[in-house]
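One chain, chain A, links the two complexes that follow: it is found with chain B in the first and with chain C in the second.
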Partner chain A sequence: MKILAVCGMGLGSGLLLRMQAEKALRQLGLKADVEVSDIGSARAAAQTADLILTTAELAEQIGQVKPPIVTIRNFIDLNEMVEKLRSALPGGQA
Partner chain B sequence: MDVGYLFNWISSEVFGKPAYLIGIITAIGLIAGRRKLGDIISGTAKATLGYVILAAGAGIVISALTPFGAMIFGATGANGVVPTNEAITALVNAKPAFGTDIAYAMFFGVLLSLVIARLTPLRYIFLTGHHMLFMATVLTVVLLSQKATDTLAVIGGAIGLATMMVVMPAFAHPWTKKLTGGQPFAIGHFNTLSYITSGFLGQWVGKSKSTEEMELPDAIKWVRDPMVATAASMVILYLVFAVALLARVGEAQAIKDAGGGTVGGAGGYLAAQFGNALSFGAGVAVILLGVRTILGEIVPAFAGIAERVVPGAVPALDIPVMYPFAPNAVIIGFLMSVVGGLVGFVVLSVWLGPWLALPLILPGMVPHFFDGAGAGVFGNATGGRRGAVLGGFVNGLLITFLAAFLVPVMSAIGFVNTTFGDTDFQWFGIVSGNVARIGSVGAVVALVVVCAVLVAAASWWQTHFVERGWVPGGAAEAAPAERPSVHAA
Partner chain C sequence: MVGPGSLSALLPLRAIRLRQSARDWRDAVRRAGEALTASGAASPAYADEMIATVEQLGPYIVIAPGIALAHSRPSPAVLRTGLAWVTLARPVRFGHPENDPVSLVVGLAAVDDGAHVEALATLAELLSDDVRRAELLDAPDAAGVRAIVTAYEHATATAAAGGTATATTSAPAAATAGATAAAAATVRDTASPGGRTQIRQEGEVEA
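The block that comes next holds the complex of A and B.
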């Protein structure tokens, strides 16, 4: 399974999303590759992803893509990430 | 094979090559983080390859910037600069003479920042990796420009970087808390001077309606993609100067200066410049891929170490983390910053530039976007829409004028048509570059004194204002209600 963390340039905040997502996945006992992308190439990278993590504003920018988009408001709130991944990922509900 | 040759080989062909040095540093970080062998191997390889990608992107940007520089010079008689952090960093790092010093300065600077965070009240962990690389690059170049030796440049660069990584988040923290409603994170983005200025200005103009109570037209929302904004604005700038050069010197000379196209004549020349503008945007995209590949390995390793060395520290995060608190202020701040940048350009070209022999600073869209947006968000937090407008505008002026003064202190790389676009790189680069004029060991001693003063001032600020809960313009309001979270496909 592949998760795509998207921010404007794919440098700073996208990497934070990836690090938080990896922590959350460990807590949930799930395995997935988390990759970082910039908004410019996100639509192309989304083709092979199973889930996209980003902010509400950039979600609007990405538009319609195959995988579901989960928007994160508070980048360092691990609970938010865990809860949102739990409800979005198959196997997270248990 | 004699031992001397072996040592020379190791120092020149391994430690003298920034790509391998970055790989080694990453491996150390991953090993210290007790990662699995497979992760260590793949992380090391990726960081090394990321550096090679960065250097390749630098080549593309240089080949696109050279004709641009020639056109501006030919058309106006002045040197032109488009501040773009990624471009200048890649240009400098692609030269091994600078690249290895920068890699060492970044490595030791990051470690030293943990020591300062551990020993002083400034318990901030700066997690914005590309800004660490950029700051290490500025400081190393300004020190080498004053003829510092490699060792002194590394020491000075490391101390300067470490200092900035802990003091700037502290200085900005009251405004950051105002903006986030007291979230437990700080700003870790080297445009802090502008964010604090914007926070002040917002308070000065007084509270007006928040930008978030306005409805922005959909048509301007495409600007959220900085790559598109960069390419589009570069096409305009290239074509404006291409036409200006054509008008001034005629077709034959313009083609000689900046290169013509396949079909020749004015049409071929303009088409070639259009292509060069797109190459600039593409080159920056390649550099970003390189930086992203390097940081994707280094930053998580560093964050893991930092959590153990400085438990309970406040993470200092990249500016886009602040954007969800005021999405409309992002757009307003960006647009106003470009306006400020254009006003700054006019002032430089008709008055300050000729007077002080400063280069012309053209608006670089990447810094105007991220910095202007950040200034807008900070200005909105204290002053509503008026604060966002004024904060973005003043950010545009600041990053333009400071860039003009930064170019001369980076003389060691020669003139390259680009420079750093964020205020902290600029003001601290200018200060370090001037302090380093003392020369040799004295330069590093003087820089250490500057850093000690900054750490002392920031510690006082931290204990007397931040920890006592002072927030500009009274207590922070609760963060706005959460937006819808899961978008179905």
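The block that comes next holds the complex of A and C.
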């Protein structure tokens, strides 16, 4: 399982997304690799990802890709991340 | 232990500016650029690069209600990794559909994709705690902001050394037992009705 955290530059908000996703995965008892990508390389990186995490407006810029895109509004709200990963990931409902 | 990549190491006094005036989002980002320049993390050109990032990619840097993480990529304008903390006298709109208006601009100058990870993680922990966020935003001066940061770092380092959970460890700055209880309560229940979070008020409501 690979999750791709996409932000503009690949080092600010995407990093926050990765940290929050890793915390949320631990809370859900799920295992996945979380990688950060900048918007420029997101479409290529999406080829090997199972899920994409990003913001609503960057999701529009990524466009149509194979894996589902989950958009996060509040990057410091762990609860939002947990709930969205819970419904998006197989095994997350358990 | 509190090391060279810690938040307190990367957020010196000179990079903290409170109740700054900004007439629009560009001005607000410029205040963050000035703070990064003052601390030696960036040259003045970096402010333009942070502004250009928003112009190109949109206001996605507004990462939470009221909070923008202004940054660009490593460039000759970045002199060393550093963070800036700028609160605004009057919130400004960045054009974000949900998280506007912004009253805190965190500036980030990064030399690579790794040196700021620890500091950013600490900052996210502090800001996601309603009580500590309120304390940080109400701090009377830059020294007050740093005192909360260093107290939190020491508390978490001590807790980690003792092998206990750090999530609800309260920094000494969170003076009262009531504040501690509120922190514990809000950590467990961060879902606010309708997903709306008032950046200043939630901690007070809980307390």
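We take it that the second predicted complex is superposed on the first by the 94 of 94 C-alpha atoms of A that agree within 3 Å, B and C clash if a C-alpha of one lies under 4 Å from a C-alpha of the other, contacts with A are read in each partner's own complex, and residues count from 1 in each chain.
The working rule: a contact is a pair of C-beta atoms (placed from the backbone, for glycine too) under 8 Å apart; a residue touches a chain by one contact, two chains touch by 3 or more.
Given the structure is predicted, the values throughout are model-derived calculations rather than measurements.
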{"item": "Superposed partners chain B and chain C on chain A - clash or fit", "value": "clash"}
{"item": "Partner chain(s) touched by A:78 [first = chain B, second = chain C, both, neither]", "value": "second"}
{"item": "Which of chain B and chain C A:20 touches, first, second, both or neither", "value": "second"}
{"item": "Chain B versus chain C as contact partner of A:39, first or second or both or neither", "value": "both"}
{"item": "Partner chain(s) touched by A:11 [first = chain B, second = chain C, both, neither]", "value": "both"}
{"item": "Chain B versus chain C as contact partner of A:67, first or second or both or neither", "value": "first"}
{"item": "Partner chain(s) touched by A:87 [first = chain B, second = chain C, both, neither]", "value": "first"}
{"item": "Of chain B and chain C, the chain that contacts the larger number of chain A residues", "value": "B"}
{"item": "Stretch of chain B penetrating chain C in the combined three-chain arrangement, among 6-14, 186-194, 258-266 or 438-446", "value": "186-194"}
{"item": "Chain A residues contacted in one complex by chain B, in the other by chain C", "value": "7-13, 15-16, 19, 36, 39, 55-58, 61, 73-76"}
{"item": "Touching residues (chain side chain A, partner chain C) in the complex", "value": "7-13, 15-16, 19-20, 36, 39, 55-58, 61, 73-80, 83"}
{"item": "Chain A to chain B touching residues, read off their complex", "value": "7-13, 15-16, 18-19, 22, 36, 38-40, 55-61, 64-71, 73-76, 84, 87-88"}
{"item": "Chain B residues within the chain A interface of the complex", "value": "127-131, 183-185, 189, 221-222, 224-228, 285, 288, 291-292, 295-296, 299-300, 303, 315, 317-321, 323-324, 327, 330, 366, 369-370, 482-489"}
{"item": "Complex contact set, residues of chain C against chain A", "value": "53, 56-61, 63-65, 67, 69, 71-74, 97-99, 108, 110, 112-113, 116-117, 120-121, 124, 127-128, 190-191, 195, 197"}
